[in-house]
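What follows is chain A paired twice: with chain B in the first complex and chain C in the second.
The block that comes next holds the complex of A and B.
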């Protein structure tokens, strides 16, 4: 490990390189791009939750003046349903049917055709002229309906326990023997919880601009969390080889996991190919809400048993998560993360992936983990109450540590969970008195974090500055943090390091921005590349001085003679060595590509205070502190921002956000007026406590930080509401009408 | 949006004359309803006649007994008028909570009440304060002006030139805003006149728009105090039920908001 303690830039909240452009409006998002001859694409979407497509007649649309191309499923590469083709966590069998309905339309909003025309209005008109012959089928929206024996089956080929079913998968994690564990328990709490589907809520809708040359060379500007993912999926779905697709990452207006798959790119590519014109497509908010993301709704049952001294002896969880129309809900996160903060001898955690006639779920910040944590952390709160133990003390007593075998498999190395609980207990917040109708709740959470493929180039410019190119779209501050890392290693001012995100044809493969991998992975490759650059610079100084390269060190932005030669020659700065580069072997730069290993999971513990307006049932979060083991805060401002953003999203999930379906199986609130994300005025200032237990497997000690802060939030809020009212809510969101009704029921019972 | 002809008349007379010439003319005030509706291609007026820049339609006069606000005066101007705040602070407070700053710079009193959105705030003030609406043709009492969802007593082409609010003894408005739009999920305006009469107007709760609630008025006339409403049960018949709240929730909101308004007014 190479954690430098006396840092100049690592640990500083340096000015973010994208800040000025974003504040002044100069930043180019996908919807800002234009090309000569550009036309507009629009998608025709199914109005039905479930319908067989008997035929599509596009002739009237094609005849409309201004229409340049129409595509349907025939134009998209088909992946047969009986053979899985995986790309990352996505199965192309489902992707090819999600971007364009094939045999059946499976949710309202499912694309059935797309049109490109000289204006958006003509494209929209042409969509109306497409005649689709639907055989409308019965449908189901909610989990409990979809798993009934007589439920309408979405995919006839999908079977569970030998019968056609909407259960698309089951995952079981086992440690010890829960029956034996519960037999020893003196107190057992078992509860069932439900959460509603919520959208990632990125402000920028999906957008792309795609040109296909006469030679098949394709250029894509799009909003995504991975230009390489866009290239690979577009290649698979259109048949164009990856070498012919240049996917350029635009600035991204939020993703939160929701932009880890494609929706528009394959359609726009085929429209561009057919029409010979560049095609731009921009979703409306309504399309975003109806046809992209969200994350799963869920039903979870959690049972935890402990002895009277507060030692947890057994835990069991069953998590049903909605997948939407195609398999792939995040059961791994729900079943795999929920018990991970604790050292429990006997654990059984089961996840079920449930299909229903909703849009296919997409990743959302620690996918599945907040759902599981909501159930587990609320049960722990009840357990603490039953045992008359402080809820943080209960967590501390059962905390996972170095050497604990996690319920999801691994044996932990040095982790910082205990430190998060202690910091929460010792915080001024946890000791502060509460006001009238206020309550306090706590909860913890875990997320796996990830490493994986990452590439970077570090090039010294002719004038002695630095350009770093990495391959992961920057959503959470990776450019600013990378500048800190590179400047630290080179011993130069961070403003001399320009960090850019390369496109697919200019930088090596880099896995998409997800799993909280980016700074972990890219700091690792940038560190190696920078070290190679420093080695080259030292060699060149040695050549000039005619001494051994080993006798040269790099300090404070310059090569210096060391050892026996120390002080013999004046230092050679980066600028001087760049100036001499042509004569000393040419340009200085390095490129490193790795499949990075050693990502460690992250833990957080949150403290939440709420105040309830009992006349109206309104819950307001009045104070919030998020404590997290962040490994190493390379750019603390961004790390705090990640924690605050995660908490804001969790408060929305807890109190106000939900997909509301009407009796026709359609989303009734597909816009931000009716789908209630919290805004600044709904939230208090969110305090953070950054605990730094460095990751021993990373040169800067980095752990992923972006996803953990969403995991504990809903439970922390629910536990606070219970503390305020003595009334526990098992169903989210705890919206005013629901809270008022519960209060009235409680009052009537008295 | 379909093509239209935009006019910016300099007088009420010119505006009215332009209206009669258009095949399907519409007046534009703040534009918060008309423009989105045109963008969604749900309306395609031949002529759009902008009233917001007519000098005689902008301004506020405060006399000993009344506040007169010209038709195209913006929410921002009403909210920030010191004289209005002094004599009817409830009106200042109400206008300062409409939408957001961008909305308040653009939206006008005439536009709001002519549109009569069932969740708009100003109709509650107009009714509770027993205001009179002056047009280019006549004067209309508040109780006769609002005719249910998006409809009013205005004739085709008639222009609201001013609204006159008698200065009350006490008044306040309490609303439960829709958290995203800031429209009233339910808002209650209570006013006690100098003669001791009480009026209470509710917006946002009924599909028919603003309404008076006799039970509240009677209870408050007998006892101008929030506790006077403690045992009141507002029936939920005819109240709006939607994804934001049931009729029963809105019925409770009427009571609670009325109590909070009385508290604020006292």
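The block that comes next holds the complex of A and C.
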């Protein structure tokens, strides 16, 4: 495939098609819509971290005037625990029990029943009237407790090494022979790190509005990272066939992975079905914090050995990740991405999936990879110190390149990791002097990126403009990038291309918006569809001119004779050909469905400066530069935005965000006041350097962008804190009390 | 309980609505008034997605009772553009890609407008502290702060 580089729209920060709606308040997000006759749904949630449900009596709630329906696990399709039914990476055995507790309630906030009533207040009152007979069981929250031999077991059927266990899975990646590698090492650093559970923190709570007709035809209006995922999961959990479920993607107010599964939709569907009324459900922030997301807390041990000249000879990592109440923590990302930026002959990377009485984890931006990178990149910093090598020089010396066999398996094609390290080294930032109590840290990161199923339609309107329909919710400006791609190919102004997101019954199957796959996949299908449209238009021009279609080319928005031999005809513009369409064979359009292949991994290298207030223990990030190989920045404004947003989230993870559990096994900080995400005054400007090593397997050279920028951040911050204080933190977050404590310990030791 | 009758002015238009005594202004805006541009991110005053102005004071509408609107002048995101003409802040947010998902955008714009009305020449630090009550999880704030500073500079120039 040829990568076109001399473009008019690709590489321009154009105005997004949905922009005006979003700056004027017109855009309709999940909670912004109503239906005639609509009633309100509310979830009753378990107060216990672990309890057997002996019975549920809903009769009093049902008798309350205004209550129209009540549902419990009985109303949700059950998937037996002994047979796995997979939908993508989700196992329906766990999904059916996560949306509604079945045998047991497994975390505080686990739904046990849901009510629909004529007002929110009545629905809430009805929830109070439901009597649940709980047998309260012992529980565990932390990894160390959950893997003790006598730990309370969440799922009796889950065994590990032949015994009932809270370890739900193990994965191992192996390259070479680490024992042999470490035998050759002259310097070895081995450390253990912990991170706390953090939430994706999207500002829009989960919400949906669902109507079910008497004929079973179901309309779902909700915000998610995939309307097709919503349709498929709701279908599986309610028994309504997919052909009867129209899932309409509302504008989505942030997801970061957290909206790749359903919580409310199956419940609202059953409530709507039972009541015969459309049902709206909106989570409170507290429900979001208690019962959705977050990503795993973790304990990781990483050991890296090098020879004195700075060549890394062996690396080993063991990553324990919390899954929450059901199997499925992102051990693949932790074990599989952490060593990937480097060319290391001997690697052993092991991940353990650990159950405990917390809400089931959901994907969060490069799931697992930031956890692994925190450990690996901090160890590399110590290694560089021990070897007396500049930390970026150490990375450069060991950088993976074209032909390197990655620790996670593949042999790399041409990749841009080296370029990111060099750009960081050459940046003005890296050379700038530091002030008092300031320190500088660096770190790198990797994410697989992804392709997969995508569909798109490109239709020429009767007045000669273009409508592109894709199947991916636009979470950060992808419509703008698609408009750039289509306008570029057609040679027309991008404002003539309208890009919309189709619902499940109007566009072909398209997989989730996630894993940094959307622009890679959708630009590929949109390119093919646009090329088909152009071929049709050229054929039609050929017909008018009575020449061979091969003798027509498409340039700058018009069909033109290809060279002097083709004849002399004035160009036929898109508008003229649209006008003539009825006489030339009818409407012009194309529809393409693909399982896209050829996604290439992405690499980033970050430089972070911090300043520590030693009296208050506050670490402030004062300067930050994120460098990333983005393949091709189709819309640079939104590419930079991905980098900046990822860095903001990483700084929160590093310095202030954490789930705090109380002695009753409940989250103590389920709101934005106490779960402290970075606010505007916490952050500096975040500089970005976009390295563009085009992906040769993509028509525009696109690589995924969104995940990588979170991966290096916590390590970059931690390394900067170490550089400032000479003191290393092995546990996140580096919040003021912990920084003060560490400073006091250090002082006492002096 | 009987509903309360409230007479108020929203975006320059006289408006009347009915509410429960415990409804918040955000409930009223998003419910009976049909102004869903103001968003609910937390309902506890911590995210700013529900920002409006009441008699030119910036408030979180989730922390105000709907009944308190009686006799006051409210402004919401829906009143920011003049017909088809976007406010310079709205235009700049679009040009600078200062929004990603857009859920915080209404509140950010209302809050930024309130800042520029009282301080047409804010420093970066002033912008950052003024907007510290408006959470954005997508952008890292960089492009938002730049958009506000640039709009302020352009509006100062235009006013001369």
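Methods note: the second predicted complex is superposed on the first by the 746 of 750 C-alpha atoms of A that agree within 3 Å, B and C clash if a C-alpha of one lies under 4 Å from a C-alpha of the other, contacts with A are read in each partner's own complex, and residues count from 1 in each chain.
To be clear about the criterion, contacts are C-beta pairs under 8 Å (C-beta built on N, C-alpha and C of every residue); 3 or more make two chains touch, one makes a residue touch a chain.
All values derive from a computational prediction rather than experimental measurement.
Of the two partner chains placed around the shared chain by superposition, chain C is the only one that A:284 touches, whereas chain B remains out of contact. Once the two structures are superposed, chain B and chain C can be ranked by residues of chain A touched, with C on top. Look at A:672: by the touch rule set out above, it reaches both chain B and chain C. After overlaying the two complexes on the shared chain, residue contacts for A:740 are found with chain B alone; chain C is out of touch.
Once the two complexes are overlaid on the shared chain, A:648 sits against chain C while remaining clear of chain B.
Look at A:616: by the touch rule set out above, it reaches chain B but stays clear of chain C.
Contacts of A:16 after superposition: chain C is touched, whereas chain B is not reached.
By the touch criterion stated above, A:579 is placed in contact with neither chain B nor chain C.
When the two complexes are laid over each other on chain A, chain A has residues 672-673, 679, 682 in contact with both chain B and chain C. Taken in their complex, chain A has these residues touching chain B: 615-616, 656, 660, 668-669, 672-674, 676, 679, 682, 736-737, 740. Per the touch definition, chain A reaches chain C in the complex via residues 13, 15-16, 18-20, 22-29, 31-32, 200-205, 251-256, 282, 284-285, 475-477, 635, 637-638, 640-642, 644-649, 671-673, 677-683, 685-686.
Contact residues on chain B toward chain A in their complex (touch as defined above): 176, 178-181, 243-246, 249, 252-253, 256. Across the interface of their complex, chain A is touched by residues 30, 35-44, 46-47, 49, 76-78, 80-81, 86, 90, 93-97, 99-106, 109, 124-125, 127-129, 131-146 of chain C.
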